[in-house]
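Take a look at the structures below.
What follows is a pair of complexes built around chain A, which joins chain B in one and chain C in the other.
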Partner chain A sequence: MSTDPVFSIENLHLRIRQFEGEAHILNGVNLHLRAGERVALVGESGCGKSSTAMMSLGLMEARSMRAEGRIILDGTDLLSLRRRGWQGVRGRQISMIFQDPGAALNPVFTVGDQLVTAIRRGNPSKSRSDAQGLATDGLRQVHINDPERVMSSYPFQLSGGLNQRVLITMALINRPKVVVADEPGSALDVTVQEQTLRLMTELCADVDAAVLLISHNLGVVRRFAQRIYVMYSGTIVEEADTATLFSAPRHPYTKALLAAVPRLTGERLPEPIPGRVPDYTDPPVGCRFRPRCPHQRSECVDPPFAEPAPGHRVRCVL
Partner chain B sequence: MRSAAAAYPAGDEVLIRIEDLWRDFVMRSGTIHALAGVSLDIRRGRTLALVGESGSGKTTLGNQILGTDTPTSGRILFEGRDMPARRDTQMRRRIQVVQQSPYTTLNPKRTVRQILDLPLSIHDGGPRRQRRERIAELLEIVGIPSDFMERHPHSLSGGQRQRVALARALASKPDVIVLDEPTSSLDVSVQARILRLLVDLQARYGLTYLFITHDLSVVRNIADEVAVLYRGHVVEHGTTPELFRAPRHRYTTMLLSSIPVLSEEEEALKPAWDWDVTATAAEPPSTGTCPFLPRCPHAVASCSLGVPPRVATSPTNWHACCNPRPEGADADAR
Partner chain C sequence: MVLFGVSILIFGIARLIPGDPARIALGPMASNEQVEAMRDRLLLNEPITVQYLNFIKNLVQGDLGTSLYTRRPVTEDILSTLPATFELVLAAALIMTVVGVPLGILAARYRHSGLDIAANLLALLGVVTPSFVWGIFLMLLFAFHLDILPIAGRLSRDAVLPPQITGLLLVDSALAGMWATFWDALRHITLPATALAMGGLGTAARLTRANMSEVYGRQYIQLARAFGYTEREIAYRYALRPAMVPTLTILGLDFAIMLGNAFLVEKVFAWPGMARYGVEVIIRKDLNGIVGTILVISAFFLIINMIIDIIVAYMNPRILYQNQ
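And now, the complex of A and B:
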């Protein structure tokens, strides 16, 4: 595995003007993916993980938005791209797997039509029949036994699990370098979710795509990712490889989050996190977890990134 | 937490008995048995978790108990007496519900006080002043500051809304609360708080819960008993520790093995399952066989001969599987 990142987000800030004032949604996000790496971004709702995903694909185009920083894909700064520029990038070099497969597919076109469109968008020179062949092969790769039937079906005629596979096919069909997966399978049943994760692992290895998995489910993240970023209130508070994060978490928020998950050992009820997520229009200075943190002190106003071990970075004074 | 003993403690009284309940939905494409002969007991003061994938009939069964839907056949007994499909006010008072999304189940045009006043005025909460005192009391019980009374739901967080929904269910002093995915739309840190509140309320008021969920880690921590539903059939039922320790039905095994967990210690508690990524869940609805047959890699000839009968494995636990996972299967494999 090469050590040069294929995709990186550098000091990304996102501010959105709202009625209540300017909300500072992303507060200096730094992350990177190496080629073929499976990385997860985990956090609770409203922490900015989906905003990060949307920014990465240029899908946040509100006029009231102000973004700073850089999002680098293969040497290009995606933040500087305008509409035209995105055409060669989105769906070709970076693509997305959405959460709810039923909602992400167009209900008035057949699956085949949608796959062919995706292929020809990436490769305008491909003929329709070539694209159809590619799509059929793609569906076979996600272990759909009767791709012809699926191709001629409308999304509502297929089960959630099948639609999820179609979405995975669509995201990978142009062999992108990076795939952003926003809670894949979480709208589905656990057994289907388990299958989806296995399938994604297998296929992303096949096309050597790096995956950024966005999730709130620590169990899912542990199953899938090699490296994890924990996000709280628009800031990455901790990054580590999966084994380290679960065995030796350092940031108080990571620890609190782990303690809040019900365990299969069933020894005791999960521990709630006291307090609530801060107001984005007037966030606490410095560490945003400070008001809820049991270890808060004066240095928390400007916590540095500590590196207790190579690759394990924590934004905390502890 | 209360640990469920191997057998039910003496005096553990059956509050609700469900007998051979069927609910058919007739569609153009054929009849769907949302409930296909469900028989279950719900014990007073206990939590029965109903687990299964979407479409397994969990919510349909909850609706039958609430009386918001009528069965095609079969009956439900409450304290030994037949519960009519049309419930009177008294019966409705005793069985309440908390639904999944607190974003859609609270009327956005009503204040918290008005939301809580409705059940009180229906179920004879007395004159206005008395009801007002009761509302304040209810808010205190669920941990909402009393100055929230004149607020509207939109100014509350998800967790606070779910507390209000819980207060509304408690208003009529029910015996039973059907909890239909009460924490699935909440973040884990908030979920933990609501779960603690639920356990606390149960201990305080002797409530009986029917806890409908697909989150098995939650079930492990809060349910006394578990019923596993698959396509309208209860395929396995029993006390929580035993069912999680030694699942017997193949579907239960698959379900438990798919739980995403956080540690090796928990990983070791999950049963082994040979995942086949090529399998698709496209299966025709079959009647007269094991409901899990089309997806089951362990099927034997007898699985297609009829709906498998119940096999008791202990005084409290049973399954309906022709080729069950052998007991202690994983211990041998390791």
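And now, the complex of A and C:
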């Protein structure tokens, strides 16, 4: 495994002007993925993790939005790309696995049709029958026994689990370097979600793709990711490898998140985090978690990143 | 089945219109005996059920009775005027779809742009302005002031008539290879068809825009973008088909409404269609004429809707597979 990141987001800011004022959605996000690495981005709803995913593929669409920083994929800055440039990158070098398989496939085209189009978008030189063969093989790889039937079906004729597998196939079929997975399977029941993550792990290893998993579910993240970024209110507050993060979390927000997970042993009830995600149009100065933090003090105004161990970085004075 | 219901309804309503059809047909100078004799001949003195059964008996034999206005069989009257109206409505439907739908697509693709606003304005104007007003306006502008299109009628006086095959002049002249006549007919149909299409065109554009905008918000469009499809592919391939499903159903209704509006447009452009006949038969309380005309229009309406339903089922596989 090389140590050079294949994908990195550097100091990404995103501001959207709204009626209520300018919302500072992303406030200097930094993260990187090495080739073939499985990384998770966790945080509660509205913390900016999905915005980060959307920005990574240039799918953020809002009038009067302003983005700063750099998103680098294999040496090119994606933020500087125009529409045509994006079209060359999406689906070939970076792709996405969507959250709700029922909504992410077009209801009026067959699964095969959509797979073949995705393949030929990536390789325009491929013939239709070649693409069809490739799609069939792809579906077999996600353990679909009767790919022909699935190919000729419409999405609404298939179960959520099957559609999810189709989406995974579609995302990986052009062997991208990076896959962004936005809470895959969270719209499905837990067994299917488990299966989804297993398949993703398997296939990404096959094509050596790096995965950025967006999730709010710490249980999912613990089993899947090698490294974790914790996001709060548009900023990365802590990053560490999975074992370290779960055994020795440093940031009060990470600790609070872990304490909020319900446990089967049931010795104590999960502890909710008091307060709510701050208002993005008027965020607290400095550490945005400060108003909810049990340890707040005057130095919290602009905490630097501390590095208690190599690869473990935390944005807190504690 | 539906036609049967319509026939009862129309039959009843036609007889509710005040005025004695026999008296109107014979004029104020006719004697009471003459009027009575005619009422007897038309079975008007019989109970309405007998009248209706007699009507149905004739109908299954393809006979709609004799018109009191033209004194010819109603079927003959309708057959001689229907093709002109049919041609006009088809042309209008074509304009409505070919201009309205792309206008809606462009408006949806470039939302809030100048083009979107202009399309919206045109659509609103199309919807709120009655078709006969459009007719007069277009006539004044293109036929009178600019003088680039003929003012009225279906063909020029000196045009050579093509052999009658379908009754649609454009089709017949094209089949016969008579391009001069084709061109003449095309020039004549442009203004009335456009006037007739304006209302439906507005609806088509607004509906397409609304449904396209809705589809643009769906996740599968985002997926298409995430896989590098061009905006053009997304618009015409991935968004249009789902968006057309609800749009088409309404367009089918619009198509039928055009038949009603065609009466007024035909009047404005002196188009030799069913309009003149339809209006005259109502004014003269020509019972057979009224029932015949409306029955034909209903049948037309049903056929159009059936065709639309088939197209919609093809566009939306969910409908096809639900019935299996």
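Note that in this section the second predicted complex is superposed on the first by the 318 of 318 C-alpha atoms of A that agree within 3 Å, B and C clash if a C-alpha of one lies under 4 Å from a C-alpha of the other, contacts with A are read in each partner's own complex, and residues count from 1 in each chain.
Keep this in mind: contacts are C-beta pairs under 8 Å (C-beta built on N, C-alpha and C of every residue); 3 or more make two chains touch, one makes a residue touch a chain.
All values reported here derive from a predicted model rather than from experimental measurement.
Novice: Please determine, from the superposition on chain A, whether chain B and chain C clash or fit.
Specialist: Because the two structures are overlaid on the shared chain, the partners are seen to fit without clashing.
Novice: Taking the C-alpha centre of chain A as the vertex, compute the angle to the C-alpha centres of chain B and chain C, in steps of 10 degrees.
Specialist: 80
Novice: Touching A:193 in the superposition: chain B (first), chain C (second), both, neither?
Specialist: A:193 sits against chain B, while chain C stays out of touch.
Novice: Output check: A:55 vs chain B and chain C. Expected answer is one of first, second, both, neither. What do you get?
Specialist: neither
Novice: Should A:14 be classified as contacting the first partner (chain B), the second (chain C), both, or neither?
Specialist: After superposition on chain A, A:14 lies in contact with neither partner.
Novice: Under the stated touch criterion, which partner chain does A:121 make contact with: chain B (first), chain C (second), both, or neither?
Specialist: Second partner only, chain C.
Novice: Going by the contact rule set out at the top, does A:219 touch chain B (first), chain C (second), both, or neither?
Specialist: After superposing on A, A:219 lies in contact with chain B but is clear of chain C.
Novice: Check the residue A:228 against both partner chains and state whether it touches chain B (first), chain C (second), both, or neither.
Specialist: neither
Novice: Once the two complexes are aligned on chain A, which partner has more residues of chain A within touching range, chain B or chain C?
Specialist: Looking at chain B versus chain C, the one contacting more residues of chain A is B.
Novice: Rounded to a whole Å, what is the shortest Cα gap between chain B and chain C in the overlaid structures?
Specialist: When the complexes share the chain A frame, the smallest chain B-chain C C-alpha distance is 8 Å.
Novice: Along chain A, where are the residues that touch chain B in the complex?
Specialist: On the chain A side, the touching residues are 44-45, 143-145, 159, 161-162, 189-195, 198-199, 202, 216-220, 222-223, 246, 256-258, 260-273, 276.
Novice: Quick one: which bits of chain A touch chain C in the complex? Just the residue numbers, please.
Specialist: 57, 59, 63, 83, 86-92, 95-96, 98-100, 103-109, 117-118, 121-122, 154, 156-157, 167, 170
Novice: Once bound in the complex, which stretches of chain C touch chain A?
Specialist: 112, 218-220, 222-231, 238, 241-242, 245, 315-318, 321
Novice: Okay, in this complex, where on chain B does chain A touch?
Specialist: Listed in rising order, the residues are 1, 53-54, 157, 187-193, 195-196, 199, 214-218, 220-222, 240-241, 244, 254-255, 257-263, 265-266, 269-270, 275, 277-282.
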